[in-house]
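I have a structure I would like to understand better, so I am pasting it below and will then ask my questions one at a time.
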Amino acid sequence: MKKLINDPATVLADSLVGVAAAHPELRVDHENRIVYRGTPTRAGKVAIVSGGGSGHEPLHGGFVGLGMLDAAISGEVFTSPTPDQVEAATKGADGGAGVLHIVKNYTGDVMNFEMAAELSEGVNVETVVTNDDVAVEDSTWTAGRRGVGVTVLLEKIVGAAAEEGLDLQAVAALARRVNDSGRSMGMALTSCTVPAAGKPTFEIPDDMMEMGVGIHGEPGRHRVPMAAASSVAEQLVAPILADLDFTGGPNIVMLNGMGGTPLIELYLMFGEVKKLLDAAGVEVARTLVGNYITSLDMAGCSVTILKADDEILKFWDAPVNTPGLRWGI
Amino acid sequence: MVDVSIPQLVDWLSRFRDLVTENRAYLTELDSAIGDADHGSNMARGMGAVMDKLGAATPATADELFKTVGMTLVSSVGGASGPLYGTFFLRFGTTAGAVSQLDAAALSAALHAGLGGVLARGKAEAGDKTMFDAMNPAIEALDAAIAGGADVAAATSAAAQAAAAGRDATEPLVARKGRASYLGDRSAGHLDPGATSTAYLFTALAAATA
Amino acid sequence: MKKLINDPATVLADSLVGVAAAHPELRVDHENRIVYRGTPTRAGKVAIVSGGGSGHEPLHGGFVGLGMLDAAISGEVFTSPTPDQVEAATKGADGGAGVLHIVKNYTGDVMNFEMAAELSEGVNVETVVTNDDVAVEDSTWTAGRRGVGVTVLLEKIVGAAAEEGLDLQAVAALARRVNDSGRSMGMALTSCTVPAAGKPTFEIPDDMMEMGVGIHGEPGRHRVPMAAASSVAEQLVAPILADLDFTGGPNIVMLNGMGGTPLIELYLMFGEVKKLLDAAGVEVARTLVGNYITSLDMAGCSVTILKADDEILKFWDAPVNTPGLRWGI
Amino acid sequence: MVDVSIPQLVDWLSRFRDLVTENRAYLTELDSAIGDADHGSNMARGMGAVMDKLGAATPATADELFKTVGMTLVSSVGGASGPLYGTFFLRFGTTAGAVSQLDAAALSAALHAGLGGVLARGKAEAGDKTMFDAMNPAIEALDAAIAGGADVAAATSAAAQAAAAGRDATEPLVARKGRASYLGDRSAGHLDPGATSTAYLFTALAAATA
């Protein structure tokens, strides 16, 4: 395992030291592993709180700041934070108007945030569980779909809505609408290496790739032969378009890197995705190309498409000032 | 029938800690195949924290002991296994009550309560390829042994065997709960990591009450 | 080789298609492989033009936009662009007030930009050659030091100066002052793979790393045993501090990723670097942590320290709106 | 003494194209060891563009021919080798002039002019571990052969041998110019890629004028 770390056991703590050093405008609670904005939540503003396992940076800590999250809680690598961490963030971020929990749909995340909400007496908590990954079939008999790329777009959009003064019910309703309007699909060329595991999560030959991966270095739904970027784009876009109709209005499209794939390839992939969307009559109104929700050093990418409308685009375009996403300010 | 004392219960936890720590890499390897390669770290971190806590001060009654255990797991593990094992021990303790020893019936009742906690949190059913598939047969075997007149040692030994068999039976299953469910058919052909750690839980119980 | 590409021969062209699709606010000259701002250079504003081989993204194309570059020229991967490409960008970006060429000190870049300046009759061209890499000893008998991380900071700072209306001589003088005030040092855990080469540029065992690498996937000055992040930080920071005195005033510090190293490690490294700078009495006034000047999919990082002053900090803080760096707007 | 005709000069370029294309992976491998793994791609792309251009229309005189060659290299290669080989051919053509054949003396003069172009652009000295270390001895050997009364074929053959020897002699050198210089002492023990492509240049010349 080749990593720039001191000790697999202290990766998260050491990295948060760097976050605090690099971002004096944020406040890091090292004990509870929470990144807060530098100033407390404005009285009357709904607080937006998210979190999950580490290893997906800049998600979530890199999205704390004006116009996006009020607090982000980090668990160990790929391990949901614990209820008391989430409870601390919930109480710490509440500005009296309640707290929205943004939770990616993984059993661990859902359970730990659920317990935290139970513990957070006195705070009005609403929860949105993102589940946008079309690689997984939706069913009430299973854990359902994973929450992936839509989480990034949702944090931006509801962050702006909260900033504008929408109340908790309205913010939560918007969050659910955004989640329902977005779909994602991911793929990997390589596995990642979890520091504590010390070796790649899976082995894969040079001529194969994994289609339908999530963001935890897990194998995907299918192992298929390596293919040209144009074909990879098709394998990502087709299941998304088959799952929801994105025509007839503007969309926000994210081409996300898994952490180990350089920008030159991500832009190349976006070019291929754009061609397919143009051909399918899917209007691309806003784009995001880069590493936003990653899986440590995994090579690969994912595509997220979100059906937008005037309200969603207004909140998307609103100012945001976080380490990972910044504009208008 | 011999009762299970507080020191024996602590020994159970200590042996469980030893087993998940020794098999940390193995549990993580199982979790690499169908999960996210952290079950060994999670269990070793959690049980390490539990034994540190108990080392500082061991409660004298089962309710306090297992409240400490459950809370420590909940607040140090995270992921799926933290709330599941945490809730297991919390409910185990509540049902065991403020006692300093458990007879076979009390042990069974506490284990059933723990299992109920896992079900309440995780909503898994038999055959979903989770820790439930080791835990449920283990408790059934314990009950059957007790019903058949076995003492605690024999009953926990039967439970350990049933847990191991339940663990082994997860191999061919297609997961329907937890992270392995995302793999669909590819989850078949692998042991479930949580069922494997649960088998250690009952191995440890059998050894502590032997 | 596992890459999200169609064909090693078309990587650059295909990637520029994606850049154009993702950034309607920019204009891409596909024939000459130039990224321009969407609107022509304001009459009277000095145009800032840079370029070099591809594979360092977001450098340089990702730094085109208000407050930074007016045009960026891409060569093939790790290959300087040709004089006629640079000539086209120079003439295309000139707003009548002349053009500053920002050139990283590599023989190929220097020669091709030199020839381009000769070809660009009628345009007032000044050139700054960055050479901040302390891994290479400075000498008139050799090619001298490589231009690396300082290039990013310089493009931001002189971009702001040009925006404010400084004339060509003043912008060029500032550029040279910034270059003289900055130093960098880089390291790699792995090689990168040049698409046309099809395999890693070098092999390196799991227990070794390369110290003193540049940004072209080349081996470094020394191969040393893998070490903890704290030791890596020391091996990067010590030669920088030995080369120039950074105490007694504010500094801008960049912890840059080589492309294949995830953000969680880069923040961790920044934390280690910050500890060393604090101990050495080096004041960190501004920071940048992330992938800014990369070497394809190489794993590793570099540290850049730039001595600043009020003028440099003012230009650093000025608004910038590019795909790779954005604030204040 | 036999003169070198335009078709022979085109054959020289064509053979050079073939050699850098066939040895593309090898040149890139040499450049991987002490550079940035692109010399094979650069030379193959450049000489491919040159022959495409000449295929469309072959100029009738040496000055026009090599102007086309030089300009095409300059505008299609980039990197260090583009300006260096480009300038080499541009100056070669200017000195050769508007002629349809070159005698030995004219060939030598044109090669000297080309070498001067490489020096003007790159400022390398003997022993810096660059293409100069193959080019300079090649031209010296050509001159010596001509002075000794050799015909063009024998002289270019001597040049090719000297270029190869010059290339081989770059192996132990520590680079002082170009990208390899960044490696310091680690650049020793490897052939210089540019010297290797220059050896092909003279191999091609010898074959075209045999």
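A, B, C and D label the chains in the order they appear, each numbered from 1.
The working rule: contacts are C-beta pairs under 8 Å (C-beta built on N, C-alpha and C of every residue); 3 or more make two chains touch, one makes a residue touch a chain.
All of these numbers come straight from a predicted model, not from anything done at the bench.
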Count of contact steps on the shortest path from chain B to chain D
3
Among the other chains, which touch chain A and chain C together?
none
Longest centre-to-centre distance from chain D, chain (CA-based):
B
In whole angstrom, what separates the CA-based centres of chain B and chain C?
54
Roughly how far is chain C from chain D, centre to centre by C-alpha average, rounded to an integer in Å?
32
What positions in chain C touch 2 or more of the other chains?
77
Using the touch rule from the top of the page, what residues of chain D touch 2 or more other chains?
none
Considering only which chains touch which, label the overall pattern as line, ring, star, complete or other.
line
Touching residues of chain C toward chain D in the complex: what are they?
53, 75-85, 106-108, 111-112, 115, 133, 135-137, 141-143, 146, 194, 196-197, 201-202, 214, 216-219, 221
Complex contacts: residues of chain A adjacent to chain C:
1-7, 11-12, 14-23, 54-55, 57-58, 62, 77, 189-190, 206, 209, 226, 228-230, 232, 255, 259-272, 274, 284, 287, 289, 291, 294, 296-297, 299-301, 321, 323, 326-329
Touching chain C in the complex: which residues of chain D?
28, 32-38, 40-42, 45, 74-84, 121-122, 176-179, 181-184, 186
